[in-house]
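Paired with subunit B in one complex and with subunit C in the other, subunit A is shared by the two complexes that follow.
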Partner chain A sequence: MTGILDQLWRIGRMLFLPKQTRGYPEVKPVLPPRYRARIVLTRDPDGQERCVACNLCAAACPPDCIEVVKAETEDGRWYPATFRINFSRCIFCGFCEEACPTSAIQLTPDFELADYDRDSLLYDKQDLLIAGPGKRPDYSYWQVAGKAIAGKDKGAGENEAPPVDLKDLTP
Partner chain B sequence: MTIKLKIDGREVTVEDGRDLLSIALEQGVDVPHFCWHAALGSVGACRMCAVKVAPGEGTPGKVEMACMTPASDGMVVDTTDAEAARFRAQVIEWLMLNHPHDCAVCEEGGACHLQDMVVATGHHDRRARGPKRTHRNQNLGPLLTHEMNRCIGCWRCLRFYRDHAGGRDFNAFGAHDRLYFGRAGDGPLDSPFAGNLAEVCPTGVFTDKAWSGVYARPWDLSATPAICTGCSAGCNVTLNERGGTLRRVLNRYHGAINGFFLCDRGRWSPWSVDGPGRLTGAVTLPRVAGAVGLGSPRASLESNWALRRLVGPGRFFAGVSDRETALTARMAALLKASPVPSLTEMAAADAILVLGEDLTATAPRAALALRQAVRGAERDLACKKGVALWLDDAVRVAGEGRRSPLALVTALPDALDDIASFAIRRAPHDMAAFAAAILAALQGRPADAEASAIAQALSTARAPLIIAGAGLGLAGPVEAAASLATALGPKARLALFPAEAGSFGLSLLAPAGGIEAALAELERNPGPLVVLENDLFRRADPALVERLFAKATQVIALDHLATETTTAAALAVPVAAPAEAAGTWVNHEGRAQRSFAFRPADPQAPTAWRVLAALAGETPEPGLDALLEALVADLPALAAVRDGAPGVDHGPVPRAHPRQSARTAGNHPDRATRTDPDSPLSWTMEGDRAPEPALATWTDRPGLHSVSAEYAAQQWIGGPLKGGDPGVNVLHAAADAPALADPPPGAGLLGLPLHSPFAAHEADAASPPLAARAPAARVTLHPADAARLGLTAGALLVIDGRPAPAPLSLDPDLPAGHIGLSGLRALRPVILGGAP
Partner chain C sequence: MIILGTILTLVFSAVLIAALLVAAGVFTWVERRVLGFFQERLGPNRVGPFGFLQWVADTVKLITKEDAAPPGADLFAYRLAPVLASAPVLAGFGVIAFAPQMSVAALDMGLIFAMGMLALTVYGMVLGAWASRNRYAMLGGLRAGAQLLAYESFLGLSLMGVVLLTGSFNLGQIVAAQGDLWFVVQQPLGCLLFLIAGTAAAHRLPFDLQESEQDLVAGFMTEYSGMSFALFFLGEYLAILLVAALATTLFFGGWHGPWLPGPVWFGVKMGVIAFAFIWVRAALPRPRYDQLITFAWKAALPLALLNLLLTGALVVLGGQP
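Let's turn to the complex of A and B:
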């Protein structure tokens, strides 16, 4: 008998507490910026594509849902000719973001990806690319990689000595 | 003498006089290392292979470099010792001090020895805060990329390029921290073995430029074992594919043939499969009866046999001249009688005579073997002085630059001249006479000084080697080589290189003759002519080919390339390229090796033997195994070809890498189900990873992903593969052939073939990287001949009624009475027409 009364008391008390039910979809939830949902491709601070098509995201991806095909510009800059994510397979684990050496691939709090058509869940580069640098506004991979590209000669990157003069005989 | 030592608590018994590193690696203890390479020996440059070594049980050990430490009896080696591990971690940290942060944009990434070693030693953070050294790169031509920032100074490139392959245009510049490996200026590397730098370099300084253009990470590539069809050496290669296109060609270790290295032609010739020269288009196959068939020296044994079955043995001819057909048959008959040396055995010869063959161009990998063979004298002297042979640099110093005798009797200056003790120039028809002088000297009869000296070197050698080939198309040097080998007795070895990868395979099918014989047959019994994978205009006198085509009621040409022959043919049928077809190739030793298709053939261009069965109005065999059964039923002497590789029921053997990515990324061509009826290999990840060496796909292991770790598949380092080197000898099936004599040279000009290591046949010309690398065609005359004919340099000649491939150049090295021609198959009289 005390058990029944105890339950009535515990449940009845809830009538007077604030409601926990979310009004989604009428009321959109506010998610933290590091929430892991829709994946985007960001750009360098100078507005160029950040992704260098290194394929590390594709290698790290547990359901193998990322496909990247490398291409190269005349000046030696690598970029993805194809960048495709199959969101019907993605598990939003964020491994791709962790693996990315250029901070190109980032997960955003936008989680509303459902669709009636499977094919429209294949996101290509134009669907993924955003205009800005995302969570790392100042980072530019090409400034720390040793390769020379247009606008960054050998030795012009961060923490790089000027190119070696091979004819130099000083010890 | 054997010794016993303990490595990581395990007792091992090994031969005395070896270094600790190779012993440990052989025993499956993967000691981190950089500068050591199985084919290049130990130099102790990187300090990476530090291990704790104690002279005996219970004695205190000290850290030593495994590659520079000779093993001794009772030694106790600990590779996991904390002090040694700390030492290695420090070395890696130094090596990484200047290594750029660019793995993401480096082609090597994913199969990089440096990455593997960094992970193995646990280094993950650069503590140094100083600036990184940078270098400017060089443009090394169409084959290799150069990114010197990545160099860690292991010296492997230089040791391979200069010391192993004999290149001269590549060197070390700068000092200590500024060390630079490159050329004096931009430009392609001269050596036809430069492509190996991409595999030898443990980081990404040198990578394959063609691969970079269609790049996919190594873990996303499928790997198919194949045989190089560039020449008759039969080197083993791995073809890497993704999404239905060829991405890369890698050396595949074979203990008796190519070992660790390929030539550039072998590495980039298969690129013709995706080149612009492919023959395409849908055709309706007619029913062919009463045809004459012309087989091809660049077609597989199976395709040639399918043609023989279609036309019947009496109407089956070789698609080369009668003389080359007879010469190839004679070479097979000569080799049948004696044990034929493999390239590895050639590298162990201690006196060599090359008669007439421009080996660096006609069988480049054999020339590389000779470069190792001549070091024998140096090794012997070093051995006498007590220097261990694995100490590569010390052997070079102690060897005092001695060279085992190499005699080159060629018509033109040879690429091997720099290592030859006797570089002798003779006109092609005088070579047999020179060989006869050597023979006379061997038999104690008087001969000139040079011949006597060569005879002396050959007769005193422990393992003399005589090499000739079909490069000139003359029987004289071949017969002379055979009689010299006979005169030298059982210690001598005879190696004969036929013209192409499929030459011996075609010869074993006993064609009834060559093109001239086919023409005679068509004149007797007219009918259609079926030409298999052969640009006849490149392999014979064009006038003869035109007469042949005129006599045929219909010309049907099967090829994967659009050539002059397919243009001239009434019906050109596209077929699969050698890289897209499974087939057997018989190399110069008579070793039959099976090659597999790296992708399913286009349904509009199936394997040639399937098309040939359809031309006969029959249903093709379902797969290669059934075709081989039919072949063996027809020619029981060739029964051994079935053992070239395991059959379909041996599978599945996965070609896909176990870490392949993007499998569910959607709409990917790799997702389409692909099957291969001709091999036990599948394009999936399922199955047993290649227990058979003939089916070896991926050889990397967790933690060791680069080609630098391929030693694990070898019985001992540099030895045969575990499970035996692939291939079976089928030369015993060759028919006996009578001795041949060359027709007299005649009075007119003789065309002398100018072979090139970068352009052997039409597939090389259709491969974009090789075509970009190949030197320009040449037409050369001796200045005296040019003056006699009233010609000057730059003249545009007409040769045999066709415009010459290049303007005339004058070369005093050319023998008188000869005109050097690029693309010429064999020595033959040519008619000059036209005037400057």
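Let's turn to the complex of A and C:
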């Protein structure tokens, strides 16, 4: 009997406690920067595309929602001719971000992707590319990579030693 | 004059039925909102101011939904059951006196009539359970029958003390006898027993064994959808209101109260009791049905008889009516 009264009192008190419900559409949630939602393609600090169309993200993608078609510039840089993410299939697992060797593909906290039309959830490269470098502001893949491009020979990258001359015996 | 009286009664009935249907709808919103507050959430707050029009949206949704029947169901009984579950409760309101001379029918056997109408809803449940041809529904129907046998044993007896004190089954006269003192003061045990039995009669948590979601899906109304489901739902909420109205009439002085007109006092008291129903629902867990039956027959029934005995002795010794 006292148990029942005690319970009634405890539950009755709840009526005046602050409520846990969040008023989402009016009150936006504060999400951490590493929250996994809408996917973007970032750029180098000097404004060039980071993506080298290696296809690792598409290979890692569990629902297979990324489509990449490789193209090559005249000086030997790879870049994606097509980069398409189907957000109606994407499960926001973040595997593409983990797989990316150049930090090009990144997930952002913007989760408000809902749409009435499936076709408009198909994001092409121009929809995905953003102006900035995203979560790694100083990283520039082409400056650290060992691949020769216009204006940077082999061995001229950051932290890179000049190539060893195999025909030379001097240390 | 007779014709005028008939027309007046008809108009009053129509107004009363409309008011009750709206009240039951509003009560579903109030319950969801208050239950939310008890559980530290907000409850439905989207449709209209404070979500008040939620019940309208729900009604529209239920009307437009398909009213499906399972294959193999006994269609006649299947369609009849929801009506049997809700119509008698509406009829039960016919004898409630909302103010002096303000009732559809001031029957001399009003209390018995209301009790009978409240008990009739069980037919709807058992019939619907049987007609659904569903095992969960059948279990719910069986429990409804078992629960009826449990709570009816002391539901009527808990009220007899009031009847003894008043000397009448007429609800208007019972209220009129409480002008000085509410019967809850003279009959606290009877009031408590009536509220417990009323919770079971309205099949509310903690005594909603026949539709306990956790073990029986939705009990006797598992197979029902659309307006048939809505009628069962309506019956349940009207039963709560009827029990609240009866408790107001019998124990809490009906229309008596200062300043405000009688019907307003009646409504306020009904609302407070209905709120208490929500509170109890939020706080207390559901017993097993053998526990309920044990409680009813081994604890509540002797207590009701004791209450009746003491009241009878007091009335005889005190020389009251």
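The working rule: the second predicted complex is superposed on the first by the 154 of 171 C-alpha atoms of A that agree within 3 Å, B and C clash if a C-alpha of one lies under 4 Å from a C-alpha of the other, contacts with A are read in each partner's own complex, and residues count from 1 in each chain.
As a convention for this text, a residue touches a chain if its C-beta (ideal position, glycine included) is under 8 Å from a C-beta of that chain, and two chains touch if they have at least 3 such contacts.
Please read these numbers as outputs of a predicted model, since none were measured by experiment.
**Q** May I ask you to decide whether A:20 touches subunit B, subunit C, both, or neither, giving the answer as first, second, both or neither?
**A** A:20 contacts subunit C only, not subunit B.
**Q** Once the two complexes are aligned on chain A, which partner has more residues of subunit A within touching range, subunit B or subunit C?
**A** Counted on subunit A, the partner with more touching residues turns out to be B.
**Q** Using the superposition on chain A described above, determine whether A:12 touches subunit B (first), subunit C (second), both, or neither.
**A** second
**Q** Classify the contacts of A:32 with the two partner chains as first (subunit B alone), second (subunit C alone), both, or neither.
**A** neither
**Q** For A:72, select first, second, both or neither according to whether it touches subunit B, subunit C, the two together, or no partner.
**A** In the superposition, A:72 contacts subunit B only.
**Q** Based on the superposed arrangement, let me know which partner A:160 touches: subunit B (first), subunit C (second), both, or neither?
**A** After superposing on A, A:160 lies in contact with subunit B but is clear of subunit C.
**Q** Could you please specify the touching residues of subunit C with respect to subunit A in the complex?
**A** Residues 34, 36-42, 279-280, 282-284 of subunit C touch subunit A in their complex.
**Q** Under the definition above, what is the set of subunit A residues touching subunit B in their complex?
**A** Listed in rising order, the residues are 52, 54-56, 58-59, 61, 63-70, 72, 78, 84-86, 89, 101-102, 122, 141, 144-148, 154-155, 159-164, 166, 168, 171.
**Q** Going by the contact rule at the top, pick out the subunit B residues touching subunit A in the complex.
**A** Per the touch definition, subunit B meets subunit A at residues 100-105, 109-110, 129-137, 147, 149-150, 173-176, 178, 180, 212-213, 215-217, 219-220, 659-668.
**Q** Report the residues of subunit A in contact with subunit C in the complex, numbered from low to high.
**A** It is residues 4, 7-8, 10-12, 14-15, 17-21, 23 of subunit A that touch subunit C.
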